[in-house]
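Across the two complexes that follow, subunit A remains constant while its partner is subunit B and subsequently subunit C.
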Partner chain A sequence: MSSIELQNINYIYSAGTPFEKAALTDVSVTFGGGVITGLIGHTGSGKSTLVQLMNGLMKPTSGTVLLDGKDIWAEPKKIRDVRFRVGLCFQYPEYQLFEESVMLDIAYGPKNMGLSDAEVKRRVADAVRFVGLDPSLMQKSPFDLSGGQKRRVAIAGIIAMEPEVLILDEPAAGLDPVGREEIFGGVRAFQRERNSTVIIVSHSMEDMARYSDELVVMDHGRVHMTGRTSEIFRRSGELTKVGLDVPQITRLMNILRNAGAEIPDDIFTVDRAAEELTKLLAERKG
Partner chain B sequence: MLKDITIGQYFPGSSPLHRADPRVKIILTVMYIVGIFMAKNVWSFVFAVVFTAALVIISRIPAKTILRGMKPLIYVIAFTAIINIFWTKGEKPLVEWKFIHIYAEGLQFAALMIVRIIALLAGTGVVLTYTTSPIALTDGLERLLGPLKKIKIPVHEFSMMMTIALRFIPTLIEETDKIMSAQKARGASFDSGSLPQRAKALIPVMIPLFVSAFRRADDLAVAMECRCYRGDVGRTRMTELHMKPLDWILLAAFAAFIAVTVVINIFAPGFSI
Partner chain C sequence: MNNEQKTPYISLRDVCFSYDTESGEKNEVLKNVSLDIYKGEFIAVLGRNGSGKSTLAKLLNMILVPDSGTITIGGHDITSPDMTEDDVYEVRRHIGMVFQNPDNQLVATVVEEDIAFGCENLGVEPSEIRRRVDEALETVNMTAFARHSPHQLSGGQKQRVAIAGIIAMLPDTIIFDESTAMLDPQGRDEVMQTIARLNRDMGITVMHITHNMNEAIMADRVIVIADCGVYLDGTPREVFSSVERLQSVGLDVPQVTDLIYRLKKNGVKGLDDALDPDEAAAQLLPLLAKTIPVKDAALGARKIPVS
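Coming up: the complex of A and B.
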């Protein structure tokens, strides 16, 4: 179980020029092992910068990034090893597919790690299982697949590296509900089976309510709140202030509660809401 | 990072030179070059330098930026100076050593040449390249070259291609950056290994980049057609260019620059070339 700890991170774009812009200011946060953490925040709040600092694609202007207590920049020449341990899947990853076949594309990362052919094969097969791809697609060109399938191939390409920390930037953006479900389900399965640390950047409060255990809320380059997902979504006032919101169903429940209905304040999914409402209606009848 | 590459030298601002009509600025540039090459003696050179300095001040482009822009041309300037010093013949040599003869005229000539090149770079820079965005420049060129359409030269198509290319350079650079980061996250390394290895490492970047460039081109073509683009004929413009008083004043000032230069050439005494 690996953890990533960021200590007093500052990141400034184009430092020393008139276009200087602080993207992150004094960020200190720890992403602990064995849970799915949601990273949420308004557009431009520094989420994308933060995730790129975590696998060494960008170097903080000041501050340290610790992976299992070790500074990832202690040996800059070995930064590639950090990238294998901290897998980062960018937004719209289907635009980076390039190989002749799905199989080869997923194997690109593991091959770069210098693994044996047998091991690469095993990892590809495992990754394909996690993201729920049909094995009959393996020999097809990735460019012949549908959008949702391409997305899954790209995510499998990261999962096949079996990173200790898996970071996904908006993995379900632009997918239909079934596609979202499949991707998040696969990520959950990967996290449980490997007991790894997963960080998901998302704009969808509904997805976060269903799939994340903890949340980190960013605002204007700072960490605004951290806590269990259920705790954060109880603080709807504070979320609104930073341009975010609670899940729609929670908003509805809040309206009902304010109107006098006896409904608990920790309902974040439709299933739970249905359960509570049926109970409430049964009470009224009885 | 790739993002830091600037296209052209455009330096945004709101000075009179920034606000002038791009067509006028292209004409002014030609007039300026003519004026500079007409300067023949020391006094007309002094006048040209003063005029250029005035343009730089009006444009509000920092002198530092302009000087930095000249850096790559330092060798050309030095080479010109050396050629002129050694190859100009005069009346009495200042230095005579073996085959080297340096005359006072040579030194003067070299000095004026340096002044001329520096003034040309600074002047054309502040009149055109620093103060005109690449898009405005292509637009201005299209209209100035408009008459060529009569002899079947596709001026509009060329300028549309230029405009689109310029528009997409930053987008594609950003895209390249993104794809490179994504492949780096999968263990690609672009800055180590032998040359063939490095070239091979670029395949995972080039293929997605081409795919996305074609996709963008397709999307753009459809978007243009949806908005009824069918080429030049019957097309109106959102920003019609009109000559404003500022443009006439600038044209008059540059005409005066040429006229005064000619007058000084004729009447002022001093070393002339």
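Coming up: the complex of A and C.
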């Protein structure tokens, strides 16, 4: 399982011009293996810059990006390998579909890695399984699919490269509840089966409460806090201060606590709240 | 609202629409949809991806034309074969649309020019354009950014500029097609406050398409599109009380509505229903306070491991 470590990263856009703007300031953070980490923060907090530094699409102004302890820019000519190992799926990836069939589109990445046809085929089949695409769609044009299906084809295209680190920028934006569940369920299955490192950029606190293990909170180009998802959502006051939200359930639990009810402070999903409150209210009856 | 006594502003009767796929099949999206929308309503439209929400929106301002059925707006049949091109423009001036991606709908390099774009195309007098642009900027709280480049704005600010561009055309209805989907929590909040103000203070009829439950409960009326038609239609409270019916078509209810529903199902008595945390708290607190010594409950609760 791979980890990505960023050390003292600074990134300045348009350096040396009047439009110079620091996007990241002294960022040091490690994304460990084997978990899903949510990367959250207001618009312009530096999330997208950060993920593009992680797979070598951009080079930090200063600081080091380590993939499994090795500086990814040590040999700039080998940066392509880093991009195979660190898969980055942009926001609205369905706009990047281009092939004639779903099958060809998903196979595009692995083919470019120079894999054998048999291996490409296996990986495509695996990826299709992870994202829950109906195999009968494989020969269809990707442009005939629904939005949710297209999104899954695009994500499958990245998963088929079997990256050690999978980064997804808002993978469920604009999807309905079932679509979100399918995408996150697939990502979770991939992470478990391959024991890979997964980073998800998201604005949905509800989704992060449900699907992430750890969180990195960005604010104005700096890492504001990091920790287990449960720990971060306990600090809802701080989240609100940096322009973020907390799930409706967390707000309810805060109101109950502030009114004096003794409720555990780790509840931020409907499942947990229902379980806990049922227990509390049932106990009282007896 | 006593909708029965009023004349609907927008009226759909037996509207059918299907898309042609590349492989030549017909994909039926809306089937015999009949729906009345009244002036000044704030409607949230929910539905799964591909359910036809956006299709419905696009039929209302004639980006799409139904296969069959009639749509009348303000008494004019916009599906009539006598519609001229000028009539179509007139419909689009009345029914403004704001889309999902702010970057796809800003055209100029300066905020105020972008807002003026629609008016210019309508041939509005320059002095009148100036007045409308200033007013629209104020309405969306973007006056300070009038001379900025739209590209340096946040997502929420860009959407507000897009909204201002629509307002400047003096529409009576604005359709927001997932206009908050790409925004961060603060941006969403800015846009939702703006939408609520347009509806409340300017009487603009709002149709807001969204997957976000917190936004849906801000509306007066929620319309759920499923099975090629209007599946549920009522106040947020009425619609969200049908938890099972919504879930059976793959949709959610607000988190606290779901919680209260599950607690009731688990046998907890004395609960009604709730749309927001305050309502839920008002029902839960008396129950929590009544029956157990608060300290014992806390001890018990702390023993439960973090899952």
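Worth pointing out:
Everything below uses one rule, namely that the second predicted complex is superposed on the first by the 285 of 286 C-alpha atoms of A that agree within 3 Å, B and C clash if a C-alpha of one lies under 4 Å from a C-alpha of the other, contacts with A are read in each partner's own complex, and residues count from 1 in each chain.
The definition used in the following text is that a contact is a pair of C-beta atoms (placed from the backbone, for glycine too) under 8 Å apart; a residue touches a chain by one contact, two chains touch by 3 or more.
Please read all numbers here as calculations on a predicted model, not as lab measurements.
Look at subunit A after the overlay: subunit B and subunit C clash there. By the document's definition of touching, of the two partners only subunit C reaches A:T278; subunit B does not.
In the superposed pair of complexes, A:R83 makes contact with subunit B only, with no contact to subunit C. Of the two partner chains placed around the shared chain by superposition, subunit C is the only one that A:V270 touches, whereas subunit B remains out of contact. By the touch criterion stated above, A:Q52 is placed in contact with subunit B alone, subunit C being left untouched. By the touch criterion defined above, A:E20 lies against neither subunit B nor subunit C after alignment on the C-alpha atoms of chain A.
When both complexes are overlaid on chain A, the residue A:F143 reaches subunit B and subunit C alike.
In the overlay built on the shared chain, the residue A:E75 is in contact with neither subunit B nor subunit C.
Number of subunit A residues touched is higher for C, counting subunit B against subunit C. Within the superposed three-chain model, A:Q96 lies in touch with subunit B and out of touch with subunit C [touch as defined at top]. Steric collision with subunit C, judged by C-alpha atoms after aligning on chain A, is confined to one stretch of subunit B among 56-64, 92-100, 236-244 or 254-262, namely 236-244.
Residues 143 of subunit A lie at the contact with subunit B in one complex and at the contact with subunit C in the other. By the touch criterion stated above, subunit A contacts subunit C in their complex at residues 41-44, 91-92, 140-141, 143-144, 146-148, 170, 173-179, 203, 205-206, 230, 243-245, 247-249, 251-252, 255-256, 259-264, 266, 270, 272-274, 276-278, 280-285. The residues of subunit B lying in touch with subunit A in their complex are 4, 178-179, 181-189, 203-204, 207-208, 211-212. In the complex of the two chains, the subunit C residues touching subunit A come out as 21-23, 47-50, 100-101, 154-156, 178, 181-187, 211, 213-214, 250-252, 254-256, 258-259, 262-263, 266-268, 276-278, 280-281, 284-285, 287-292, 294-295, 297-298, 300-302, 304, 306-307. By the touch criterion given at the top, residues 14, 52, 55, 57, 80, 83-84, 87-90, 93, 95-98, 108-109, 112-113, 143, 157-158, 161 of subunit A touch subunit B in their complex.
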